[in-house]
Structures are given as C-alpha cells and as structure tokens.
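Here it is, the structure, as structure tokens.
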Amino acid sequence: MQLTGDNLTCQRGGRTVFSGLNFSLSGGEAMMVTGRNGAGKSSLLRMIAGLICISAGRLDLSGGEPDATLAGQAHYLGHQDALKPSLSVSENLRFWADFLGNSDATLEPALAAVDLAPLADLPAAYLSAGQRRRLSIARLIAAKRPLWLLDEPTSALDVQSQDRLAGLMRDHLAGGGMIMAATHGPIGLERARELKVSPE
Amino acid sequence: MSAFTSLLLRDMRIAVRVGGGALMGALFFLIVVTMMPFAIGPDLGLLARIGPAILWLGALLASLLALDRLFANDHDDGSLDLLMMGSMPLELAVAAKAIAHWLTTCLPLVVITPVLGLMLNVEMHAMGWVSLTLLAGTPALTFIGLIGAALSVTLRRGGLLLAVLVLPLTVPVLIFGVAAANAAIVGPAPFGPPFTILCALSLASFVLGPVAAAAALRHGLE
Amino acid sequence: MPIIDLANPTRFLSIVNRVLPWLAAATVLVFAFGLARIMNAPDDYQQGATVKIMYLHVPAAWLSMMCWGVMTVAALGTLVWRHPLSDVAGKAAAPIGAAFTFICLITGSLWGRPTWGTYWVWDARLTSMLVLFLLYLGVLALYWTAEDPGRGSRAAAILALVGAINIPIIKFSVEYWNTLHQPASLFRRGGSAIDPSILIPLLVMAGGFTLLFFTLHFAAMRNEILRRRVRSMRLIQAQELAEART
C-alpha cells in the first residue's frame, strides 16, 4: 500500500499556500509534516482527506481497497472533536464507528485504549477537553482505516495520554497502517520521516 | 447498523435530547397561526375561509426556519468534515439528515395541524384533508430547504439568508398545497390533480435536494 | 423558622419529604369535598350541567396566573437576592403553570362547544390565556435549549419578569373588551354577584387547586434538586477519573 503525492499545489483564496510538493508513504511508515505557522500543514492533511480541492498535481493511493476513495480509507483527526454533547460517550463513538467503518466493531477495546471505558454512559457534555480529545482518538481504533491524518494530535493531551497515543500509533504502523501527522514537536514516533512544507 | 440508519438515528436522538430542536418547529407553527387572527381580526367566517392558507404559510415558515441549524451544528463541531469522509456517498448522508429532520420537526407540524385548524374554525371533515396535503407537501419543503441549508453553511451565514434563498423555490409547493386543501374543502375543482402534483413535487425534490445540497457542500470546501 | 434554613437544599429536602404526604392528603380531601359540593350545586337555567366545567376552568385560570406570580418571585430571587433555591423553584413551576393553562384552555374550549356552538372563539380572555400558554411554552423551550442549567435559569428568570407584564393584561382585558365570554363577576365592584351555592364549591375547588399546585411544586423542586445532584456527581465522576490517572 502506498500513498504518493505528485507535484501537489494548494491555493486558497487566490494565494498559493504551497506548490510542487512531492512525497510518498508506504504501509507501516509514519511521516511528520512540519513547517512554520501558515505553511500549509493543515491544508495538506485536509487535501488528502478530500476536504480541500487539489489545485494542481495528483494524489494516489495504490494497494488499498479498489472501490473506496482515498478519503474513504482515511481517518482525519482535526482540531475539532466532532462530538455531540447531548449524546453519551458510547453513543458518540458508536455513531462514528458505524458511519466511518465496519458496523460490527465492538466499542470496548477502543474505549479502553483511550482509558474512557468507565465513562461510557456519561454525556459527552461532561467531558474535559482532554477527555473529549481522547474520545475522538477512540474513533480511529473503533473504525479500521489504513491512513491516519492527524492534525496536532497531542494538543490538549497530558503526558500520559500522549504516551498512550504514541503506543496506538505504533500498533497502527505495525499492522501495516500509515500515519501523516502535522506537528510542531515530537509525538513519540522514533522512525518517522519528516516532510517539510514551506511556501513556494 | 448501516451508515445511513446510524446517521438517521443519531440526528433524531440529538433532536429529542436536551438542547435539540425537535418541538421548536411545532411551537413556532402554533405561534405564527396564533398571531394571524390578531392581524386580521377574530371573524370566524373569514378565518375559516383563509384557514388552509394560514396553516400552509405557517407550516412553510416553521419548516424552513428550523432548517437553519441542520448543517451549521455539524460544521461548527467538525462533524461535517467527517460526514464527507464516510463510506457512503455524501448525497445519501445528506438525505439521511433531511429525513431525520422531517421526522422530528415536520411530522409534529402535521400532527398539531388539526388543533390549529380547530382554532381557525376550519371544519372538522376538512381538517383531515388539510393535514393530508401538509403530510404530502412538507417533505418537498424540507428537501428544497436542504439546498438552502447547505448553501448558507458554506457561506457561513445563517438565518434569513436561508429563507431568502429558499422561499422563492417553494412557491410551487405552496400553490399546489393550498389549491389541494381548498379543493378538498370548498371545491369546485377536484382534489386529485393539485394533490398529485404536490406529491410529484415532493418526490422530485427528494432526488434533487440531496444532490444539490451535496454539491453545495463539496464546492463550499474551498 | 427563618428563610435561611430553607436555603440549604438538604434541609429543604428533608422538610419537603416530611410535608409532602400531608399536603397530598389535604389535596385529595379538599378535592373530594369540592367535588361532592359540585354534585349538589344547582345547574344553570340556560346552560344546564355544562356550567359545572366552570369548577375546573376558573380555578385552573387562577392557578395559571398565580403560577406565573410564583415564577416572578422566583425570578427576583434568582436575579436580585441570588437565593440558591429560587431558580429551582422557577424551573419547577414552569411546566406546572403550563399544564394549568392548558387545562384552562381545554376546559374553556369544551365549555365553548355547547355555549357558542364552536370549540374555539377568539374571545379576549381565552385568547389572552392562549398568549399566556405560549409564554409558558417559551420559558419551557428556554430551559429545554440551555445545556447549562445556571445560564438557562437566569435567561428564563428575565423572561419570567418580562412576561409578568402579561398577567395584568389578562386581568384587565376583561374590562377592555366586551365579549361573548362571561364577564369577571366574582370580584366585581359592589360585592359578589354569584350565588353562594355556586361560589362556595368554586372557592373550595380553587383551594384544592392551590394545594395541588403546592404538592406538585414541592415534588418537582425535590426532583430538580436531585437531578442537579446526579448531574454534579457525574461531573465529579468524570473529574475523579481524570485525576486518578495522573
């Protein structure tokens, strides 16, 4: 399985954010997208997730499921948690597991992986920022998708949760998954390659 | 559970939980209909004559204004991004949201219509027909309004913009809805033709609405 | 007993638990007595037995207005005195008031059928009861929409104070408009115009309704306090779990 970006260009509001970006990522590999503020790290991830139009260039995922689109095989963890406060922790997770992936997945392992199992019946409105973040990470476990697109995944997480997340990412890579993470600092993956995004 | 039903049930659940707007549409409907006699006077004969028109106008406004937050909430908390990455086409996801909205917001309108008709002195035997036209016509309002909801969320403007965009598109629904209701009550024109056209409008918007709304959401990305 | 004692929710709960059975029993007794008196009350020479709807309709109308009065006091308590129980009192009163208003509208409508020949007439008093009902529904919608109980009750308190202006309008609308409806004849200048055979059961029923209101109100306040405790315990649970990990 391989994700390749060929001469990618992103234009937003008439401004060129980045251009001529080339990269390739194979199964089991992680890539850290770095660059200063406004360089287009988030835009690159959103582009791969199919949330921003590609201005020029090509994106290609080979070796995945033939019928599914690139976005249909990717998880996107953005700045927002995509949780509904009036639904319980397990209802929120159940919905995203059903909607994004296979319907028969059990939630317990995913909730246990982010240490939220005792709160399963609590409305999401009661969660702290870090707990909300962990719940949205749980959806990466509950629905299986090969490509993880993580935008500042460690924000709002304490040290212990960051370690847990690193462990989950290592498990994902060991299972042949791919990770692209936009980040300013280390996220606990030793063998990650670095992709520097810079304007022009 | 399939992605479609899970989205449908999730939206319905949110609507009936604390903070959801399930009965707000019906409440707005009740208030609009109550305001009418204040404006035109308590003459029961007059109210009975224009009752179906008042009910249709009230239902039109209630069902459209309630659509305002349909995509806006999902946009604000980041859910909309993920809805676009689902394994099923965005058109189906949008249709699931619209059906959930119709069940939680428009169906209560249809249910309370007989009570409001009573207050407008619409005759008992006629109430069933007016409710039937609303049952057949409100899906068209929801699915046409869906387009406006998608357009207004990508432009990040809510409220009145939605009504401005959508109200002109609902003119045919209003015409045939009121025509069918009046035909059922006073005649002399037969009930069948306007009612069939009303059903046709609903079915057509059932196809057109999700396609146009999904296109609006996709193009709103950039 | 000073009011400070009632400010403590735990003290309030224990008092309510002690008082509530007696209050409920008194309500049942007064209603039984009132209904027996209504059975013996004379029929109207024009309206026949339908006039007895009045014994439900009129007390419900009084109580729906009194309930808004309770909400107004509670709103002042929330906004001005910041009494800890007052927003609980306001929130508990709103659905009860809406229910009494609804009873008043339904009975008025049923009474109207034989009297006017139609279920609904846009007569001044019924219409202003309808507006009151809409105001109640607005307050309920406000509580329903607010996810944070504190913010919701402050907003509802402001709405209750604004809505209190509506109650004089209902009262005086009787004198402004001359309508199909019975004019308010109970407290007309120069004494009561109602025969004692009707007035006494009416007052008994009004007393029964008032007792019913307080029974329901105390029970609803107790439920609301318990509901808030459940909420804060669940919040603590979420917090403790977060702390236990570190």
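Letters are used for the chains, namely A, B and C, taken in the order the chains are written, and counting of residues starts over at 1 for each.
Criterion: contacts are C-beta pairs under 8 Å (C-beta built on N, C-alpha and C of every residue); 3 or more make two chains touch, one makes a residue touch a chain.
No experiment lies behind these values; they were computed from the predicted model shown.
J.: Of the pairs A-B and A-C, which shows more C-beta pairs in contact?
T.: Looking at contacts between chains, A-B has the larger number.
J.: Using C-alpha centroids, which chain lies at the maximum separation from subunit A?
T.: Chain C.
J.: I'd like to verify one number: the distance from the centre of subunit B to the centre of subunit C, where each centre is the average of its C-alpha atoms, in whole angstrom.
T.: Those two chain centres are 34 Å apart.
J.: Taking each chain's centre as the mean position of its Cα atoms, how many Å separate subunit A from subunit B?
T.: That pair's centroid distance is 37 Å.
J.: State, to the nearest whole Å, the distance from the C-alpha centre of subunit A to the C-alpha centre of subunit C.
T.: Chain centroid spacing, subunit A to subunit C, equals 53 Å.
J.: Which residues of subunit A are in contact with two or more other chains?
T.: 85-86
J.: Name the residues of subunit C that each touch 2 or more other chains.
T.: 147
J.: By the touch rule stated above, which residues of subunit B touch at least two different other chains?
T.: Subunit B, residues with two or more chain partners: 18-19.
J.: Within their complex, state which residues of subunit A touch subunit B.
T.: 12, 46, 49-53, 68, 71-72, 74, 76, 78-87, 91, 94-96, 98-101, 103
J.: Could you pull out which subunit C residues touch subunit A in their complex?
T.: It comes out as residues 147, 234-235, 237-239, 241-242, 245-246.
J.: Contact residues on subunit C for subunit B in the complex?
T.: Within the complex, subunit C touches subunit B at residues 109, 118-123, 127, 130-131, 134, 137-138, 141, 144-147.
J.: Spell out the residues on subunit B that touch subunit C in their complex, using ranges where they run on.
T.: 18-19, 21, 23-24, 27, 30-31, 34, 37, 42, 44, 47, 118-119, 121
J.: Provide the residue numbers of subunit A that touch subunit C in the complex, in ascending order.
T.: 85-86, 115, 118-119, 122-123, 125-128, 130-131, 158, 160
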